[in-house]
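Two complexes, one shared chain (subunit A), two partners (subunit B, subunit C).
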Partner chain A sequence: MTPNSCLLARNLSFSFGENPAIHEISVEFTRGKITGIMGPNGSGKSTLLKCLSGIIEPHSGDVLAFGGLLSDFQDKISYIPQKEKIDWDFPITVKDLVRTSLYKSLKWYERFSAELIRLSDQAIQTMGLEGFENKQIGQLSGGQQQRAFLARALASNAEVFLLDEPFTGLDAKATEDLIRILKKIRDDGKSVIVVHHDFSNAALFLDEIILLKTTVLKFGSANEVINSPELRRAFGFPGMGQMH
Partner chain B sequence: MDFLVNPVFINVLMGVVLISISTAAVGCFLYVQKNALLGETLAHGCLPGIYCVFIFSATRDLLWLSIGATLSGLLSSYLVDFIAAKSRISRDGAMAVVLSSMFGLGIVLLSFVQQNNYPNQNGLEDLFFGNAAAMSSKDIRIIGLISCGIWLLLITNYRKLLLILFDSDFAKFQGIRPRLYNSLISTLAAISVAIGMQTAGAVLIAALIITPAAAARIWCSRLVDMILLAVVFAIIGGSAGTLCSYAAPKMPTGPWVVVCMALIFFLSTLMKRIYLASLTSK
Partner chain C sequence: MIALYIITVGCLVAVNGAILGSVLLLRRMSMMCDAIVHAILPGLVVAYLITSSRGSFAMLFGAIGSGIIAATLVEFVHLKFRITREASIGLMFTTLFSIGIILLALFAGQVKLDQDCVLFGELAYVPLDLWITDEGLNLGPYPIWTLAFLTIGVVTYVSVGFRPLVLCAFDKEFARLQGIKVQRWHYSLMLMLSLAAVTSFQAVGAIMVMGFFILPPATAYLFISSVRSLILLSSSIGILCVVSGFYLAQYLNVSIAGCIITLNGFVFFSALASKLYLKLNLSPVRNT
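After this line comes the complex of A and B, so read on.
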């Protein structure tokens, strides 16, 4: 693992029953970059992200973080799930959602310290959600909902942000805002790994792309992957490799 | 106001309120888990356990009957999970199969008890609709202790429960095991149902679990507020139901409590609509 990398996947494999979701994946994620995990439906993108976060244990292979075991650096990593995995009717406010990332540092009888409250308030402010703190999360727009989850990740002081299809259901304005926020997170020296579908805007914000179809078909800069023959092969569309 | 010094009334009131506040709290977790029908499944699933304990020990002691009811209720819960996981039957279909099967088994066991002239069997059939007036002071103490235990477990595990119910992937990411805490919710629900069977009975106990939670959810944006409001509704509904049954002594307490809680739910829904309409008209 080079000093410049944040996460290293080594020979990761995971299967659902007999069907392999990912197979023998080895890839090194560079610090301070936005890396996209892209590929057709069912190519194992979300499974790879969950293995990288430690949510699921790979059946073989392992993940290293910042040169050590993933479990030793779990605090440096944050995970933002797919939108459809969230119950938006759940009785939780933006403020409480952001503070869930701080639960780990508290015992059941401890209240939030002034420092923890400052951290969560700052994260809410950074994501432009002042005035929405006491709103139930279902009352937010799609873009605000994603920003609320990003605020939770920011409050935990994470160095690596793992996002599973964060652009799903966002309109053009909200997509643009989210891209700006992800770039700002990167410019602050943090690393972003994002499962993404849309090749039409990938080159706008992704520094690197991993093209996945159970195994890694191509890993390189965004333009390199978008213009590669492997992309056409992955999707089976002759013209896809020309998209920008 | 003579009821305030009537020891039977005070006994029933204490029992109903103690049961209502624990069922309401557990009900909030089931409600946000979108598992509201589990209360119904547990209630019907408790019956075989109660009658098995009676057949093997001939005891009517609430503690022993509650243990049997809890184990049998939990078996029903695991059967639902098993059928839903291992077959193509949906979860609500699995619940319908399990609750009706366990209810049928309960009736078979009760018939067995009645036909074989077991001693001390009078009142066992009350478990279908409840008979709060039959609660003894010892029963109240047992219910009080178990309710305290339920609340203690809910308070000490509140943050973990919230996380697994809201975002189980993030909970796993934080090192929390969703399966363990989902089992805790099912277990606490089974215990709440078991101690409430004598008051509301197998047919009505589910109302004590879900109605206060549903009435509170209408007003609250936070789980903790929802639980506290559900408890307030449960205390009001439980007390009002006990008072009604005292005023009409030939009618059982459990159904009155359920009717009062249903009224609270409808009033709560109506008030919310009026409140929202007043906001939009401003």
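After this line comes the complex of A and C, so read on.
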């Protein structure tokens, strides 16, 4: 693992019953970059992201983080699930959502200290959600909902942000805003790994792309992957991928 | 004094039901209390057959044991065989409850448990079950003491586990990444639920217990924006329905538990109607 990498996957494999979701995946993620995991439906993108986050244990292979075991750096890694996996009716406000990332700093009887409150308020402010702190999360727009979860990750002081299809359901303006925010996170020296579908805007913000179809078909800069013959092979036709 | 005894027992059942029912509602598994309430029957019968005693501890351990077995089997079938949790709950509670019925029928002569009492309970009998010390001191009905201890346990459990319980209910994967033992909290909740079910159903019966666990949190859920307010509002609704349900039952000369739950149902549908009315006429957003 080079000193410049944040995560290293070594021969990762995971199966659902008999069907392998990912097979023998080895890839190194560079610090301070936005890396896209792209590929057709069912190619194992979300499974790879969950293995990288530590949510699921790979059936074989392992993940190293910052040169050590993933479990030792778990607090440096934040995972934001797909929109449809979240219960938007849950009675939780933006402020409370962001503060859930600070629970680990507290004993059960302790209240949030002024420093922790400052951290959470700062994260809300960075994500442009001032004025929405006391809104229930279901009342936010799609873009604000993604930003609320990013604020939670920011408050936890994460170094690696893993996002599973964050652009789903966002309109053009919200997509543009989210791209700007992801670039800002990258420019602050943090790493972003994002499962993404849309090749039409991939080159606008992704520094690197992993093209996945159970195994890694191609890993390189965004332009390199988008113009590669592997992309056409992955989607089974001689055009671009899934265009939006 | 009789009215006070009955209302106190009803309120304690309501508070326990509201607190644990709120957590279950947030986890989208309210019907788990249905499974556990029914599944404790075989545990009670087996505990009696082994110990030949209807002493509280034997029954308690029997009930907790079968409650935990039911919760484990529900999760096992749901996760391993990809059967929905609702189907898994239905599968387990009918199977375990029918095993309990068969055991009751087979050992009817030995087991002094009344099926009607198990199912429907009777709050009116609470004042008859008095705890009188050897010195002849009347400490009031047993259920008040057992439910009071249960309430202390439930309030302590939810206070200590508030943050992990909320996080496990909202975002299990994030909770796991935060180092929270998600499965441990799940089974501790099932343990508390089994305890609450067996302690409560002796007073109000298995069917009515479900009403106390499900209806007040469901009503409160229509109006709240935080978990704390869900627990507080559902407890208040539960207590209010116990007090008014008791006097309504006296007036109509009908079952007290039945009246309380009917009232809870009425409150839920009234709340739902007013919520819909407000939504249509005043504001498109939920009340915060």
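A few comments on the model shown:
Heads up, the rule we're going with is that the second predicted complex is superposed on the first by the 240 of 244 C-alpha atoms of A that agree within 3 Å, B and C clash if a C-alpha of one lies under 4 Å from a C-alpha of the other, contacts with A are read in each partner's own complex, and residues count from 1 in each chain.
What we mean here is this: a residue touches a chain if its C-beta (ideal position, glycine included) is under 8 Å from a C-beta of that chain, and two chains touch if they have at least 3 such contacts.
Worth saying up front: this structure is predicted, and the values here are computed from it rather than measured.
Aligning the shared subunit A places subunit B and subunit C in steric conflict. Judged by the touch definition given at the top, the superposed model places A:4 against neither subunit B nor subunit C. Of the two partner chains, neither subunit B nor subunit C is touched by A:200.
Once the two complexes are laid over each other on the shared chain, residue contacts for A:125 go to neither subunit B nor subunit C.
In the superposed pair of complexes, A:134 makes contact with subunit B and with subunit C alike. Look at A:90: by the touch rule set out above, it reaches both subunit B and subunit C.
In the superposition on chain A, A:113 makes contact with neither subunit B nor subunit C.
When the two complexes are laid over each other on chain A, subunit A has residues 50, 53-55, 74, 79, 81, 86-87, 90-93, 96, 100, 103-104, 106, 108, 134-136 in contact with both subunit B and subunit C.
Of all residues in subunit A, those touching subunit C in their complex are 50, 53-55, 74, 77-79, 81, 86-87, 90-93, 96, 100-101, 103-104, 106, 108, 134-136, 138-139.
Contact residues on subunit B toward subunit A in their complex (touch as defined above): 32, 34, 155-160, 162-163, 165-167, 169-170, 172-175, 217, 220-223, 225-226.
Residues of subunit C that touch subunit A in their complex: 26, 28, 159-164, 166-167, 169-171, 173-174, 176-179, 221, 224-227, 229-230, 285-286, 288.
Chain contact summary for the complex, subunit A toward subunit B: residues 50, 53-56, 74, 79, 81, 85-87, 90-93, 96, 100, 103-104, 106, 108-109, 134-136.
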